[in-house]
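As written, the chains take the letters A, B, C, D, E, F, G and H, and residue 1 is the first residue of each chain.
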Amino acid sequence: MRPDQLRKLLASVKAGKTPVGAALDALRQLPFEDLGFAKVDHHRELRTGSPEVIYGPGKTPQQVARIGQAVARRGHALLATRLEPLAAAALLLALPKAEHHVRARAVTLEGRPPLKKRGLVAVLCAGTSDIPVAEEARLTAELMGCRVDPHYDVGVAGLHRLLARMPGIRKADALVVAAGMEGALPSVVGGLTGAPLIAVPTSVGYGASFGGLSALLTMMNSCAAGVAVVNIDNGFGAGYLAAKIARR
Amino acid sequence: MRPDQLRKLLASVKAGKTPVGAALDALRQLPFEDLGFAKVDHHRELRTGSPEVIYGPGKTPQQVARIGQAVARRGHALLATRLEPLAAAALLLALPKAEHHVRARAVTLEGRPPLKKRGLVAVLCAGTSDIPVAEEARLTAELMGCRVDPHYDVGVAGLHRLLARMPGIRKADALVVAAGMEGALPSVVGGLTGAPLIAVPTSVGYGASFGGLSALLTMMNSCAAGVAVVNIDNGFGAGYLAAKIARR
Amino acid sequence: MRPDQLRKLLASVKAGKTPVGAALDALRQLPFEDLGFAKVDHHRELRTGSPEVIYGPGKTPQQVARIGQAVARRGHALLATRLEPLAAAALLLALPKAEHHVRARAVTLEGRPPLKKRGLVAVLCAGTSDIPVAEEARLTAELMGCRVDPHYDVGVAGLHRLLARMPGIRKADALVVAAGMEGALPSVVGGLTGAPLIAVPTSVGYGASFGGLSALLTMMNSCAAGVAVVNIDNGFGAGYLAAKIARR
Amino acid sequence: MRPDQLRKLLASVKAGKTPVGAALDALRQLPFEDLGFAKVDHHRELRTGSPEVIYGPGKTPQQVARIGQAVARRGHALLATRLEPLAAAALLLALPKAEHHVRARAVTLEGRPPLKKRGLVAVLCAGTSDIPVAEEARLTAELMGCRVDPHYDVGVAGLHRLLARMPGIRKADALVVAAGMEGALPSVVGGLTGAPLIAVPTSVGYGASFGGLSALLTMMNSCAAGVAVVNIDNGFGAGYLAAKIARR
Amino acid sequence: MRPDQLRKLLASVKAGKTPVGAALDALRQLPFEDLGFAKVDHHRELRTGSPEVIYGPGKTPQQVARIGQAVARRGHALLATRLEPLAAAALLLALPKAEHHVRARAVTLEGRPPLKKRGLVAVLCAGTSDIPVAEEARLTAELMGCRVDPHYDVGVAGLHRLLARMPGIRKADALVVAAGMEGALPSVVGGLTGAPLIAVPTSVGYGASFGGLSALLTMMNSCAAGVAVVNIDNGFGAGYLAAKIARR
Amino acid sequence: MRPDQLRKLLASVKAGKTPVGAALDALRQLPFEDLGFAKVDHHRELRTGSPEVIYGPGKTPQQVARIGQAVARRGHALLATRLEPLAAAALLLALPKAEHHVRARAVTLEGRPPLKKRGLVAVLCAGTSDIPVAEEARLTAELMGCRVDPHYDVGVAGLHRLLARMPGIRKADALVVAAGMEGALPSVVGGLTGAPLIAVPTSVGYGASFGGLSALLTMMNSCAAGVAVVNIDNGFGAGYLAAKIARR
Amino acid sequence: MRPDQLRKLLASVKAGKTPVGAALDALRQLPFEDLGFAKVDHHRELRTGSPEVIYGPGKTPQQVARIGQAVARRGHALLATRLEPLAAAALLLALPKAEHHVRARAVTLEGRPPLKKRGLVAVLCAGTSDIPVAEEARLTAELMGCRVDPHYDVGVAGLHRLLARMPGIRKADALVVAAGMEGALPSVVGGLTGAPLIAVPTSVGYGASFGGLSALLTMMNSCAAGVAVVNIDNGFGAGYLAAKIARR
Amino acid sequence: MRPDQLRKLLASVKAGKTPVGAALDALRQLPFEDLGFAKVDHHRELRTGSPEVIYGPGKTPQQVARIGQAVARRGHALLATRLEPLAAAALLLALPKAEHHVRARAVTLEGRPPLKKRGLVAVLCAGTSDIPVAEEARLTAELMGCRVDPHYDVGVAGLHRLLARMPGIRKADALVVAAGMEGALPSVVGGLTGAPLIAVPTSVGYGASFGGLSALLTMMNSCAAGVAVVNIDNGFGAGYLAAKIARR
């Protein structure tokens, strides 16, 4: 039941056509979305600025392509992540205007009309192996209408590279910092900047890195204020939140 | 070496009093802060808007009071957290204008001059036992110059209470959501709102809650986008980050 | 807004006193509970048969007594669990008709009018140290109107004691089985009976029992079908669910 | 020794043909099942209403087919779970009347005579990736003679979809709720319904979901009463227990 | 129902006083122990050679003393472990002939008549902090009728002390080896001896010893054959099993 | 330096050919094994009764065959475990008299002369999936000269099958009990028997069985005395220790 | 900005060509590495004695070969670790003078000019499966200019082999000790020697070895002083640190 | 048997008083330490330069004082760690020349004659709460004859403080770096220095720091080469190893 339908019901009550009791029953039963709770409708809100996301694992190339076409038909921006090569190929075939991002294992398609750029997100990562996660964050923030400055391979074991980048990093409205292994980068960056910082542990590492758990705990315990953490390898989530912050 | 000292050194070089080689050596050795890296100096940056924080555990009442007085003398806002009753008493004695917040086990003192309010932070918590953590977040955000709307005891097992509060919650610029036990509240709220959401797992629970670990994992795995997590019981960190976001 | 208020609103629309637009706005904003979503209102549903529960830890004796009195005034059954001795004393003082159950560290008060007994719950526990948890389950199920048969100290290391009790146990409509240490009892009982079985790991044990985690994992992995598990030491939850099943 | 054999022995004692001492010895030695402990015999009890289950992993297609034929010959209902495609094919070849359920990776065969339907089980799952586990629960409950209402993809991040389904869900006699990632769905549903709820954590997720451990802990710590948990991905166990409850 | 009662029943059947049907019913219902399953009756078997054990924690001094008296009255050997000082005092008061073992926090009383000594158990421990656990093992094995050779403080960091003791250690029929911290002693001893070896991890250590978990894992992974492990700090269990082996 | 060499040195000292100081130096430096420490030499001790073991994983078929031939040449008993099919084939080709045990993934060869049988080991397992581990234990104990009684598929969910086997099980001198999933079997059996019991957790299970960790913890926490535990899936270790006990 | 550029700037200030304010600005902004912080520049420091390292996993054969050529052109020593066979082949093809170390899965190339040997490192490992990790340590230390004595297969279950090697081991300036399974070797060796000891847990083992975690915890808790630990399987890190110590 | 006794035995053989066979037997049995294995004797080696250590926990003040006096009588340096105030007082009373270090909860006494200073150890810690652990390292290294430079409160969240200290830190021969919470300091320092670095995780932190486990994992996964880790809070072990390295 959409707002106009509700309006009709009330008019019908007013006109004496629908008894009060029957209207009461109808109102009690109606699905919440039919009440026009635009804010309840997560999807509608997302449409204003956020890309629709296809999470690749567990989907066939056919499914990925079909979902992608549906999204594109509605003019929404599209972000497809963690795509196997075949799934990426199928999607690109279906959406000739889409772009392939090999390092991020992602395919993107700008929404129509494109969003006006607002806000600057800096995306940092510690090592070259963290780049796929960082790229996922970058693509997400860009599709959501932010400018993004990437600063890759600035891990704490070569501190001078990071320090040399700080003037640029300090200009960002929000930061995404991805790191695996010991995950120390967000603590160091958080101490050198003032902008909100979203930390992403990555599953990069071996031995006692336990698939990213070590980096996750490090980031959780960061002694720098202004740092919050998303799930292991969740570049999308970090980029999404950073873009929301940067665009405010 | 402060900027004026550096200026003097350069002037002395210009005047021919200091040879270039000696100046070169001096510059190479100097502590970075002396170069005037205002942005490197975390403390200075914090002074513009953030309270100074005294973390209570492990400090004697005397130490707490002494640090508190030093902060107050500089005119900074003060937030003292997790205070034992005696430490709180000592601090209140030392700072007659400070306020005691019993539920948050905190003492606060506004900075001089007080900050102009900007931005609205909503602080939610799932159960009454989560209130101390939520209060710590609320006090932090208020001291940082935000207006704060508390929405306590809106856990997911009594969903109607949460839904009834949603219109107010949706007005916030940033959200802090604290929950212990199963920690499901941020996922539900994240699906109902669009603002950046900082989730705080609390150590509330028993049995397999493992001191907050269960809630932490839940929040890490949240299926709602736009959610990031801080450490268990870290109300300060959540309030700090939410305030930063809300004031942008 | 209660149902009668809603009825009034609709009548007012019918009478032309409230314009359709204004009614529409009112309906969109109203808290869900005001719509009379009886089923949404967890509390109301609980009142028909379930005791109200006071979880003792973290509450002062005064708070426990005050909540208890409020519940009693409404005529509801009351179950107060994990009470420190002083809290139990305060509650008993406030509610002279309440009963003290020392082993379960609980205080109970029957609702008015008392529920008609229906359904039989068998409560088993492995060792004498598991009895407090078992008793919490027993009291819960009794307050919810079930007959309860306790079978304590029937752990698997003395199998003949358990086997001797099986004829009685098989008569139950639902079972609660509490065990600490290795937590093997539910698997054995589940293989000998056909009724739904709720397993409760207890924190009883030492060394590698890890506060009940070992028993919890054992029960999770039970090779017997028809077994489900609640949180460590959660006698209330097990008794509550078993009573629900038994009374159907 | 079956009951009739025992009867013969006693008759023989009565007739003086078997001395008391010899009967005593015979009775002491006899295997328990020979005493006619029908209730001890798990298998016999299962035959009245429960399907026989073939757990696929670790069995060759030949073994699966051969076991399936043996079950079918006895007229029992059959549920074969987690079948590799070849094993499913072999079983279908052997049992032409069996049905293949691709999403659940299961094959079923109704018992003869079919059970009379009794009781309604609602099976919910949070995301599309949880459907295989939910389907396993659905098939199990159906084979045990329950009607089953599936409600899939009603996760808490899109709460309106769940709320829209609540009227139907509330009609069920028992609920199965499957969820991976943060596993919050059972807590929310448990707060909105009154029927016994069996929660199934699924291994769906990535990063810190740790193969379902995160969802398991969430469900264990559920703040909603009336919820119990089975092993990760154990759709069969959940469906089995829910059907037992619903048919009472 | 004891064997003589069963004999009476059968006689009564023979005499025609009890109908076959009634006897059949009686036999089906009877508790297993009444069938004279001496071997099923764990307690009876224990009485021949094993001490009765009182596990101290969670018992009041009064309870400990009362149980102790009951055991002593039956002439059984008694082992009371992990006693608080007051409980030990109460027990010694109640049983003047009992012995106090301060380091093991235990009280023992020989059974009547005393067991003839048979078999030799060697009890080793790595450090002086492991002695309480080792002593618990020693007392247990002695009460079960074994001779016991203690070899304490022979940890692997001072290997010469261990090697100097090997000739004596090699004479034992079974070994108990207790160690905390890194728990390496059983692996080393297992490689130097041929007798069955029961390893006991102790909770001695700090930091990453995690209350004995580190030592437990070490022992589980021992590369020496012929080693098995009991629970953390379970000196009783190790001494019990070693004595059983040594007395064969 | 072998004993005869040592004897020569001493004779040379006696004859005045070697000065005391030189002999002293020689003795101080000599490798321990050269002193003829037969008991230190693990391998020598093993040769009297124990099979030599080839652990298959990580070895090529060629390596397995070559080691096997070397062992056979010395007349030792051989046990090769966890063999890939190709490695088993290569070994059987190289040792025509060796036997292949498909379920245990093992190859065995009796030593020459064969050991005289002594002692009886009972090997139990809970489910059919645990049989490979149980078979590894059985083969080990047999090669070490014990008679072995297997009792497979006697898990606690079908207790009557276990109870029916107890008379036979009680005759054993030592028991091996293998179980996966919840691992409850050793506790139950330990309560019904008096012989030393070696428990083997297996990695059988899914979900929260965590590769055998759940079963391991269960067994560690067994409430039955006389139980000790070896590593997950370590059938060899359990059979080895049980045989040692049974042959004493 | 290199030192000579800085010198130019200062000269320009002296000459009055650059105003003091402009020089101040330039100095504040300059990247740290341009200041000639030789010690900050991790890479430069490494060049004096340390090999450049290519960590194989995640790199294509082409990438490995290309990086290797770049390193070789600069005359640096090269260590490529954990190479897949194809990557090793590609590297060897590109660098004809490089050496392949099959057991260590590594390729090395001496720097030009070769380092003068200084210091002795002993590399021990417990079992033959630990050899790849030990070899990685050995190659690293050799490339860094140390002599290395390998002592492999000296695990604690065959103590005499270790003791026989001690005289040689005691000559080393630093020790690397690699062990999997129970990881006890460093504790034993640490008690027998005085040189700094770097322990490397390996992922060798099964069951409860948890991919090296068990060995890691053992080593962390070593009761021998003078022991420190690197990550699981991190032969490179251990060899690197030991060489640094030995060459001092 | 001391060397002189061995000499006597050999002389007696030479003189023909002891037959060769008897000498052979005596030699086979003798405890290793009696052979004069100076290198085996850990204690003797320690006496040359290392302090004797009293680990306070679990010892009474009397025991601490008595051990302290015994050490002092032998002229050894003494380090007593983790002392309760009463134990410290008792020790100071017994050893008037000993020094009390309140922050490190330690008491020290120089050996006689004092060691000649050699080598420089830098001890860093991240926060003021880590100082007790850092001080324990400092005292240990000083007692072992090193000069020690403390650099406290130089955590990565205030990077400028650390960078300002680097010139001094780079002069050290070995480093101890203690940090709790996220434990990132060793990675950063390791990237800025070339000396061997011993990292000490401390138990400082809250929430998901899990008593130092988070910091331990961080350090294990350090991306800087040349870093090794000791147990949580093990300042003694770190100082001991660093001093050994620095004095080489």
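The definition used in the following text is that a contact is a pair of C-beta atoms (placed from the backbone, for glycine too) under 8 Å apart; a residue touches a chain by one contact, two chains touch by 3 or more.
None of the values given here were measured: they were computed from a predicted structure.
Undergrad: What chains touch chain B and also chain F?
TA: C, D, G, H
Undergrad: Enumerate, in label order, the chains that touch chain E and chain G alike.
TA: Chains touching both chain E and chain G: F, H.
Undergrad: In terms of C-beta pairs in contact, which of F-H and E-F ranks higher?
TA: E-F
Undergrad: How would the chain B/chain C interface be labelled, same or different, where same requires over half of its residue numbers to be shared?
TA: different
Undergrad: What chain lies farthest away from chain H once each centre is taken as the mean of the Cα atoms?
TA: With centres defined by C-alpha atoms, farthest from chain H sits D.
Undergrad: Hey, which chain ends up farthest from chain G, C-alpha centres compared?
TA: C
Undergrad: What whole-number Å value describes the gap between the mean CA coordinates of chain A and chain C?
TA: That gives a centre separation of 41 Å.
Undergrad: If you average the CA atoms of chain D and of chain G, how many Å lie between those two points?
TA: Here chain D and chain G have centroids separated by 55 Å.
Undergrad: Rounded to the nearest whole Å, what is the centre-to-centre distance of chain B and chain D, using the mean of the C-alpha atoms as each centre?
TA: 50
Undergrad: Give me the residue numbers in chain D that touch at least two other chains, ranges are fine.
TA: Within chain D, residues 37, 40, 42, 157-159, 167, 191-192, 207-209, 213, 216, 220-222, 231-232 contact more than one other chain.
Undergrad: Would you mind giving me the full set of chain pairs in touch?
TA: Every touching chain pair, ordered by label, is A-B, A-C, A-D, A-G, A-H, B-C, B-D, B-G, B-H, C-D, C-E, C-F, D-E, D-F, E-F, E-G, E-H, F-G, F-H, G-H.
Undergrad: Using the touch definition up top, name the residues of chain H that touch chain F in the complex.
TA: It is residues 3, 6-7, 10-11, 13-14, 16, 20, 23-24, 27-28, 35-37 of chain H that touch chain F.
Undergrad: Quick check: in the complex, which residue numbers of chain C touch chain E?
TA: Listed in rising order, the residues are 129, 157-160, 163-164, 167, 206-209.
Undergrad: Given the complex with chain A, which residues does chain G contribute to the contact?
TA: 29, 31-33, 37, 40-43, 57-58, 201, 203, 212-213, 216, 231-234
Undergrad: Please give the residue numbers of chain H that touch chain G in the complex, ascending.
TA: 39-40, 42, 45, 50, 53, 166, 170, 173, 191-196, 198-199, 216, 220-222, 225-232, 236-238, 240-241, 244-245, 248
Undergrad: In the complex of these two chains, what residues of chain B are touching chain D?
TA: Within the complex, chain B contacts chain D at residues 126-127, 155-159, 181-184, 187-188, 190-192, 205, 207-210, 213-215, 217-224.
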